[in-house]
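Quick one: the structure is below, questions incoming.
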Amino acid sequence: MKKLGIVTAIATVVATVNMAHAAGAHAQGGTLTVPIITQTFVEDFNPYSGAQADMVSGTMYEPLYVINTLKGDINWRLAENYAYAKDLMSMTIKLKKGLTWSDGQALNADDLVFSLNLGRDDAKLDATGQWGSKKFTSVEKLDDLTVKINFSAKDGTIDWHLPRLHVVPEHIFAGVDDLSTFKNPNPVGSGPITEVKQVRDNQIEICRNPNYYKASEGLPYLDCIKFRQYTDNSQIQAALINDEIDWGSNFISDIDKTYVEASPETHGYWYPANDLINVYLNTRELPFSDVRFRQAFSMAMDRELIVDLAAYGYPTVETQVSGIGEFFKTHLNDEVNSKYNYLAEYNPERAMELLEEAGFKDVDGDGFVENPDGSEINFDIHVVNGWTDWVQTVQMVSEFLAEVGIKANTKTVDWSVYDSALKEGTYQASINWSRTNGEDPIQAYRDYFYTAQQGLSWHTNHGISSEKVDKLIDEYSATVDEARRKAILAELMEFTSENLPFVPLFSNPTWYQYNATRIGGWPTEENDFVQPVFYNGGNKLLVFEQLYAK
Amino acid sequence: MSFILRRFAFYLVAILIAISFNFLIPRLMPGDPVDALFASAQGRMPLETLQAYKEMLGFVDGPLWVQYLQYMKSIFTWDLGPTIMLFPLPVTELLAVKLPWTLGLAGMSTVICVMIGLVIGTFAAYNRGGFTDRFMPAFWAFMGAMPQPVTALFLFFILALSWKWFPLSYGANPDLDPGWTLEYVSSVLHHAVLPILCMIIGGIGAWIFNMRNAMINVLGEDYITMARAKGLSNRRVMTHYAARNALLPVVTAVSMQVGFVMAGAIFIETVFNYPGVGLLLFKALAARDYPTMQACFLMIVVFVLVFNFIADLLNLWLDPRLRK
Amino acid sequence: MFSNKFFKFLRRFYKSNPAAIIGSFIVASMILLSVFAGAIAENDPTKRVARGHQPPSAELLLGSTRSGKDVFSQVLHGGKISLLVAFSAAAITTVIAVAVGVSAGYFGGRVDEILMSTTNIVLVFPQLPLLIIIAAFVGQVGPLVIALIIGLSSWAWGARVIRSQTMAVRNKEFVLAAEVMGESKLRIIFVEILPNLTSIVVGGAMGTCIYALMAEAGLEFLGLGDPTIITWGTMLFWAQSNSAFIVGAWWDMVVPGAAIAIFGGGLALLNMSIDQVANPKLKTGGYIKTWRRMKADVEARRAAA
């Protein structure tokens, strides 16, 4: 009897041990090599100093949860769930049970409260930005696993910002004088990769967390991540081609010919759409003050050719003008789009007709049209000196404009000039990103039109705004009713399409190249489980979790 | 003795001027370092935290002359402040890491250039009208006029990327621990081959030409004829009489070269991701990183002056006329 | 009479001086090609005429750039500006160097001390970092500004050389004679001294030319120039931004590089030949052959005797 008991006991133990390994679909082991663009590495693992943020966010310090915009769901990490109060004046967050830091100490509400409160007194530590924007009023601990955050006003959008919070160990960070300069050597983290193996100025290697809360699932499969230093994209391109690194997140020229052809079975890439790139027009002055001019501008663009030549065909052509792009394709409104899509089609004849109708004629016979009042049209399109694919884009834009008779110049300027011109609204035309790759499309419209943002954001000072729009945007965050939100979005899209304060060109690609020589499990167009954005800690974590050594 | 003192005083003045120039220029430049930093973050930093960083980086200081005195003080106490692009890493630490690599590159390539130049130049001078004399200076003039970035990229593409004979980046293999081990040192040499090759291709034309001319001038002097008439062996004439006198203008040229070479290495460092000062200066410019830029520029100036001073000392040693 | 002396001088200069012949040919033809770029190259260098990165062919002699523009046309038109920058910078530098060098050498004393101290200080400043910092200071620099900056910072070495030569000439008898005769200082400088400095000045100007060409290309390659203006330097910049070598479009980068190399080399050859004329000891080529032949003759006669 006893013998059987012992045998059973041993068998159970053996089985459990086996299960721990078998629970993971892959064997453990292997190293991922990843490039980082920097001058040199330093021994700094503090997520709040920002010095080497990409090395620590996500993989060393896990977020509460990850909003997977591609799949439209939430991947719970440290948090088990959250809930808004009925009056939307507060929310509670519940942590998972049994979490530990890499040094074995428990990860609980004390750490969360501590991390949240860091931003209250010091703006540099306000990772979510909600103390700075005066949304948070206080944080309370309800019990060992639950935390409550109180708001200053009704708000149903706080959950979008929480993933940016760095949850750090109170027992390490509490004693530090100045957290923004604290180097955090010997880091204690919650993620899969926390133990620093070596620090050299051209390479840092960080390895497996001995007390990872998901270890029972056999995660992570990989043992270590090697971060290698590079100073620009062309070096990374060369390193990818020669199989020195596994995961690239930068622009690579002619990738099919140079990278994929070198080894078609193992070299691959996937460029899902990211944020929308627009040419913003200053509608306060002629000729942009006439909406028909703006419409003509839009119809003069051969977006396909621009994407092909200026950007190697990697971006996604924008086919509608409602203000958001492919990234939020699930939110696109067919009704609105079918009315205005023609504005995004290449139609130079219609553009010229429109110009004539609006009174823009070529009076002096130089081949270019003048304003209805007779004054010359000759404006600059701003672009930052050195951003070559954008410079080429703008050059092509001005070439297309010339073909319909509009005189425009490519003006390459220094970053500071570009930045202040956009924020202060002193530009004539300028190419720029948009806030169309956040957690929710309302953020894009808020960024385009919210009057209080003028002067702070690049995208608000084109001269078009209205009280009605401001109210709609406010209403959106004060409600969680899906139907109402959808209706508001539709109104905003109609407003944008009608007024066209900017000309959308294409969606920036998410730069993502992978090398399957040593590592498998990569997200691809067929296996699209997450947007492969390396620079987003949460997304990076989700990708990393699936990787294993071949 | 007074010669040395006079030269030393001169260099001191030059350094002070460099420091002042160093201080003014970056401050007059357009652009704000924090905004430039934001650009490279591609919108990852929330707007609210940006303001706070601006204050932390100290761009709300007092009037210009206060900053100037402060700068002087920090230079002489060797406190050059933190870098901005790698905040809070101190500039001196960053430079200390980068400097040896550029010095090594500049030094090794200059030495090799001089040696090869000496040999070929002497050979050309001795065999006047021969193939070497007619062909070499001209050929290398063309090679030297090829812009350095193009030669570097060409070598990078063929020898490093396609044939994989040499590594793509770094001063040494990142998997190795720095130290005086055979493994590490040979890795350093292996990584240095292409950069040095580039520098040699670009610079050797001038060396061959100068050496040859210097040699020819010297060989025509009377004391050489005298030495030969005395019956001294060719070797002795070459080393004791010809070479020593030919070296004088060459030594001056070397010192001038080092500064140029250190700065010119920027293109090569960019292409090969070689961890040197030139590349750092350029990247610091892009990031409008004032402390780093100032320190880089100062470092290069100081080294140029030091090498000039060494050249003066060498001149003193080689040319007894100056000792009076 | 002038033309006779001039042609005689040219003939002497070029006779058995292959470096001079090749050098002049290269320089002259490249200048001509650039000046007549509009007539020679049929395509507008700024217009898209083909698909990106097409290799050299019958229609596009030197292929096309990434954005489909004609490389042949660009290298000719770009040459206009690049060469203009190089020549202007050389001109500025030469004027300053001559002014400073001759004044210091001729007037001596206080003037010499002041000018030399300034020169020495400018001399020790490392050129390229200075250029980079100033270029970034001014923001985005067009070719004109680059020419100006290079011109204003490269005169020191030339000034020093000119000064020592001036001092050597100054004490020659014909100068002293002119002074005794009461000729005005200005006349002495321009008529007696300057002509004796010609070879150094011309040599220096050419050296600066080469340096300016490379410096301009270097600055624009780093992205500090105006990328919308076509010069050899910006062609390199665009080629690099489009990873020309890696994607196999070598012509995009090699063509402007070769243009610079060939022109620079041509100038260097000319420079060398001028040196040889000024200092005949440095001659090489045909003369040596003649000399050897004559020497062999003499030896033979001696042996026979």
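Here the chain labels run A, B and C in written order, and each chain numbers its own residues starting at 1.
Keep in mind that, in the parts below, contacts are C-beta pairs under 8 Å (C-beta built on N, C-alpha and C of every residue); 3 or more make two chains touch, one makes a residue touch a chain.
A quick note: this is a predicted structure, and the numbers were derived from the prediction, not measured.
Engineer: Taking mean CA positions as centres, which chain lies farthest from chain A?
Structural biologist: C
Engineer: Sort out for me whether A-B or A-C is joined by the greater number of C-beta contact pairs.
Structural biologist: If we tally the contacting C-beta pairs, A-B comes out ahead.
Engineer: Could you put a whole-Å number on the gap between the CA centroids of chain B and chain C?
Structural biologist: 23
Engineer: Per the centroid of Cα atoms for each chain, what is the distance between chain A and chain C, given in Å?
Structural biologist: Chain centres of chain A and chain C, defined by C-alpha means, are spaced 51 Å apart.
Engineer: Express in whole angstrom the distance between the two chain centres, defined as the mean CA positions of chain A and chain B.
Structural biologist: Taking the mean C-alpha position of each chain, the two centres sit 41 Å apart.
Engineer: At least two other chains touched by the same residue of chain C: list those residues.
Structural biologist: Counting only residues that touch two or more other chains, chain C contributes 139, 240, 246.
Engineer: Touching at least two other chains at once: which residues of chain B meet that condition?
Structural biologist: Residues 30, 156, 161, 270 of chain B each touch two or more of the other chains.
Engineer: Would you pick out the residues of chain A that each touch at least 2 other chains?
Structural biologist: 238, 241, 386, 414, 417
Engineer: Could you pull out which chain B residues touch chain A in their complex?
Structural biologist: Per the stated touch rule, the residues are 30-32, 35-36, 38-39, 42-49, 51-53, 56, 85-89, 94, 97-98, 156, 160-161, 164, 168-171, 174-175, 177-178, 270, 273, 275, 279-280, 283, 286, 288.
Engineer: Would you pull the chain A residues touching chain C in the complex into a rising list?
Structural biologist: 234, 237-238, 241, 253-254, 257-258, 309-310, 385-386, 388, 391-392, 395-396, 399, 410, 412-414, 417
Engineer: Of all residues in chain B, which touch chain C in the complex?
Structural biologist: 10-11, 13-14, 17-18, 25-26, 28-30, 128-129, 133-134, 137-138, 141-150, 153-154, 156-157, 161, 205, 209, 213, 216-217, 220, 259-260, 262-264, 266-267, 270, 281-282, 285, 293, 296-297, 300-301, 304-305, 308
Engineer: What part of chain C is in contact with chain B in the complex they form?
Structural biologist: Residues in contact with chain B: 18-19, 22, 117, 120-121, 124-129, 132-134, 136-137, 139, 210, 214, 217-218, 221-222, 236, 240, 245-246, 253-254, 257-258, 260-265, 267-269, 272, 275, 279, 281-282, 284-285, 287-289, 291-292.
Engineer: Please name which positions on chain A make contact with chain B in the complex.
Structural biologist: 38-40, 42, 44, 49-51, 53, 122-124, 126-129, 132-133, 164, 180-181, 198, 200-203, 228-232, 235, 238-239, 241-242, 244, 275, 384, 386, 414-417, 419, 433, 435, 456-457, 535
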